[in-house]
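Two complexes are shown next, each including chain A; its partner changes from chain B in the first to chain C in the second.
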Partner chain A sequence: MTTPQTATAERSFWIGFTILAALILLVLPLMLDVFRLNLVGRYLTYAFVAVGLVLCWGYGGILSLGQGVFFGLGGYCLAMFLKLESSTPEATAIQSTPGIPDFMDWNQITALPWFWEPFKSLPVALIAIVVVPAVFAYVIGVAMFKRRVGGVYFAIITQAIAAIMTILIIGQQGYTGGINGITDLRTLLGWDIRTDSAKTILYFVNALLLLATLVLARWILTSRLGRILVAMRGKEDRVRFSGYSVANFKIFVFCVAAAMSGIGGAMFTLQFGFMSPSFVGIVPSIEMVIFAAVGGRLSILGAVYGALIVNWAKSIFSEAFPELWLLAMGGLFIAVVMAFPNGLAGLYSVYVAPMLPRIRAWAMSTRGLPARDTDGQISKPGVTHAR
Partner chain B sequence: MFEGYTLGEIGSIFAMQGFAGLILFSVFVLMALGLAIIFGQMGVINMAHGEFMILGAYVTFVTSNVFADSMPALFGGYFFVAMVLAFFIAAGVGAFVEWAMIRHLYHRPLDTLLATWGLSLILQQIFRSVFGAREVGVTLPDWLMGSFGLTDLIEVPINGLFVMALTLLISFVVYLILFRSRWGSQSRAVVQNRAMAGAVGIDTGRMDRLTFALGCGIAGVAGSAFTMIGSTGPTAGQLYIVDTFLVVVFGGAQSLLGTIASAFVISQSQSTMEFFLSGSMAKVLTLLTVVVILMLRPQGLFSLKLRR
Partner chain C sequence: MHASKDKDFALAIEGLTVSFDGFKAVDDLSLYVDDNEIRVIIGPNGAGKTTVLDLICGRTKADAGSIVFKGKDLTKMKENQIVQAGVGRFFQNPSVYEDLTVYENLELSYPRGRSVFGSLFFRPDAALVERVTAVAETIFLADHLQDIAGELSHGQKQWLEIGMLLVQDPALMMLDEPVAGMSVSERRQTAELLHQIIQDRSVIVVEHDMSFVADIAHRVTVMHQGSVLSEGSMQHVQSDARVKEVYLGH
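After this line comes the complex of A and B, so read on.
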């Protein structure tokens, strides 16, 4: 149904989307050198996770403290492929077992483990980037949501899963590369990913994928599914009594968020040439929540800005005042919860958005044009589109 | 796996691992008791719980230094002073945090989680600025050092025994406070039915603050006890937080007895497995088992029968 309000919301989303697209596709690439642009690319990979969190936490009411696991799974899927590609028997001739990744050789492993075998093929790896996190999320989701476990318990269990995953990756270093992760990734199908031009191209691939993710998220939220999510967050029981399977919707949105995180992780691996357990554990996972919270837990565009701003501040702070960063981060967590729970997007809609019509009216009047009505939209009575 | 061992040696190995498990059990109980009060009873997710323990540990560290410098004659007894100080300082900080932050967030549990995580980061940085990034350890008084041998193969460290005795004592005191004192029954009344508790004249806001402070104080004592068996660093608190929450949730959040039982199960299985597997795999397997059981039985091992 298109009402004047949803039409305005629709329009303001697309305006915001265009501004964001212009920012990450034009402004930032023109302003920054390759090194800084690469850093922005890194922040944008976190934005995938943040967008996923807006869907499942902001709209679905499911706070997952284990999104780093999915980020890591996606990243590792691609890293395994890239590692195998660079571990040709010729390149690894000095090892006691040529043709397997170097860290396996260091750990006295003499044959490629079975779960590495499928990752010799790029299509399999690419599918795995999305499917592995989604399937893992599905298993967790079915186990938890079918038993109506939610809220706090879900958060604690996902956090425990993040901890288990980190310990497992670090402990099994022969199979996973251990605490250093899978490093020294050089080429993708023979294309050197370490050059400046490759990094620039990958930045744009990353940015376009993120924009596509945003469109997908927007589509999910404006569909009937999105409304059920909002309804569930408000009064879960009523949705259940209305005949909807609450668990299935939660599982779905959790899987979507996981898949998005997986794509982000894979793009991270491509742009930085490594993946390590330091993106999987409790601390990175909860930091990803703060990106979404700062941007605004109900705004998918805000999530991107949240990821950009928090990480940008982090790199500025930790370069200049390393000891202040944790204090600032801690203060940010507290402030975002206590003072502005809807984040930047909330501040925008409370303080900036109401001024826009006035600014527009003022701009029009200075140019001698008649001002339009307050929301700039002429509603057409009698024309409603039932879905 | 057991080739070359005699039956007696295998028995000794299990006894030693069992004892190591008992020490781990004491540690888990100490960590979890405070959280069981805050999370289980009040429903507040305090992610800074680990930092309250570290606060207690640093208080002990400072006290031991003060005693060593100014009254070496009394050094043997510093630990008891430190424990009391740790309790009151952690409880005081806890009461302040409740007043400044938590009381505004009781109806938003997930947000409490984020806010207390922020608090934990701030506390970590404060610890790092004050005490440095390196781990510190306390000097044990003479009477806590060494071990005595039960048989030729089984040796029991004294500090481990002391921590175990301390755990028993603290659990008993918590039981007395919560279930045998007037204050405890008021506190439980607030937890069970806030409106009715208020209606019969209990100051619910004050009870919340004191209950939270009690939980934090116990965390401080736990941290104080940890200095007996390990060193303390500014980020050590984060290492405990997952274990602690799992212990509390696994035991059934509302039940203190369940918390103790689950601490026993988790610690024994972990320390027994540690002998057969590497430490990290033992931990993975234990945590994974707990998580899977929790997925199958979300209410935990011991749950009160409540009408929801």
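After this line comes the complex of A and C, so read on.
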């Protein structure tokens, strides 16, 4: 049933979406040089993770402090393909075993490990970017949610997984490239990804994929499943007695969030030509939660702004006071959670949105048109879920 | 050996036992409910009435015994599967979805699209809208469909809770003290409502209000210390000396 509220919410989402699309597709590319645009592209890859966190944390109530794992998995899946492409026998003729990635050769590995084999194929790698994180999330989800592990316990376990994953990647140097990661990626099907024009094109691919991800997230949230997620917050028990399997719904949003993070990771790899364990661990995973918290954990558009603004602040701040950044970040997180639990999106809907009809009425009257007050509906602070 | 072998009951509970920290809250309880029967369970506080309902709907797991509903053993099923099998529960404290509208609360209770992908691709059809609208009418909330449920009064939340159960249309409905904590006028309105919603299904009601019990019960089960103390018509249990002693006497 279409109601006045849902119609208003629908319209304001698409207006916000259009503004965001204009910003990242037009305004920023026109304003910034390739170097800075590339940097924005990097922030936008984190936005994939933040949007996923809105779904699983904001709506599903699942706080994951290990989303970096999925970002990394997606990134590594593509990095493996790109690495194999640039490790032709000709290019690696000087190695003791030509035709395998350089770091393997340095680690006395003499044949390509079995799990690298499928990544010789681009279609396989592209599917893996989404499927590997999703399947890993599924395994974690089944193990945790079917046993009704949630809340803080789940957060701690995901954090432990992030730590273990980092240790594993660093420890298995010969198979993973170790602490340096998989580096020196040059071409995608022969197309040089290091040139300025490639970087610009990849920025737009990244931006369009992010917009598509937002549309998908929006579709999920406006489906009945989205309402079930809202119902589940704090009332899991009741949802069971409405006939829904709470565990299955949690597993689903966790997998979706993981898949989105994987796409972000792969876009990072493409734009920067490497992937390393520094994106997998606890600190980057927590940073990603902060992007979502600052943007507003109930707003998928807010999550994108959160990723852009926090990273922009970080780039300025950490140049001046590199050792203080982590502290500032922690402070920011606590401040946001305590004072503005709905982040920037919450501030927007409490302070800015109520003024819009008045501004519109004012604009109309100055143009000599009759003032209309069609949607003078004031958003209530408590019900700012951006649906 | 058991009565259930001779007759098809809607619900057959046999030898049901559960203990909390060694204390037997329900002790070898057997209970049979017919199709379309309205059964009222009465008994002193702590007799185990709520626990029996918890066991039937899967909120508490039984230590022993079976609960067979339409040929399925509910003790082996999860809460949501039990709901899908047709068991609905009205909760003692209203627990509507506070962040959703009245309409959305009712819509979520509609018994379709309950799997992950079912709900993802679920589109409300005319039958749903009709059902929700009709139920909203019944529960006196037709003018509140777009209100956020969290902002309703206590009585209205209780009605919404009943409405959610109605939309769910369970074959077995369980009501735990449905008129407790209500004002006199709300109580009367709710009693009327309950009369409507308990038609055409099996119902188990836990209630203390004896005039209400006398009004609706087909049969009455008196529980005491986790077991059945007496069972039969209202007159039968009221004239039972043991019942008078433990419950009706004071």
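Throughout what follows, the second predicted complex is superposed on the first by the 369 of 387 C-alpha atoms of A that agree within 3 Å, B and C clash if a C-alpha of one lies under 4 Å from a C-alpha of the other, contacts with A are read in each partner's own complex, and residues count from 1 in each chain.
Quick note on the criterion: contacts are C-beta pairs under 8 Å (C-beta built on N, C-alpha and C of every residue); 3 or more make two chains touch, one makes a residue touch a chain.
Quantities reported herein were computed from a predicted structural model and do not represent experimental measurements.
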Original post:
Between chain B (first) and chain C (second), which, if any, makes contact with A:I157: first, second, both or neither?
Top reply: first
Original post:
Is A:V132 contacted by the first partner chain B, the second partner chain C, both or neither?
Top reply: neither
Original post:
Who does A:M338 touch here: chain B (first), chain C (second), both, or neither?
Top reply: first
Original post:
Which of the two partners, first being chain B and second being chain C, lies in contact with A:S245: first, second, both, or neither?
Top reply: second
Original post:
Of the partners chain B and chain C, which touch A:L214 in the superposed model: first, second, both, neither?
Top reply: neither
Subject >> Partner chain in contact with A:M104 - chain B first, chain C second, else both or neither >> reply: neither
Subject >> chain A-facing residues of chain C, complex >> reply: 57, 59, 78-80, 83-84, 89, 91, 95, 97-101, 103-104, 107-109, 111, 113-116, 119-122, 124, 129, 145-146, 148, 150, 164, 168
Original post:
In their complex, what parts of chain B are in touch with chain A?
Top reply: 43, 45, 101, 104-105, 108-115, 117-125, 128-129, 238, 241-242, 245-246, 249, 278, 280-281, 283-284, 287-288, 290-291, 294-296, 298
**OP:** Sort out for me which residues of chain A touch chain C in the complex.
**Re:** 1, 3-5, 220, 223-225, 227-228, 230-231, 233, 235, 237-238, 240-246, 248-249, 252, 380, 382-383, 385
Original post:
Once bound in the complex, which stretches of chain A touch chain B?
Top reply: 57, 63, 65, 140, 143-144, 147-149, 151-153, 155-157, 159-161, 163-164, 167-168, 170-171, 282-283, 286, 289-290, 293, 323-324, 326-327, 329-334, 336-338, 341
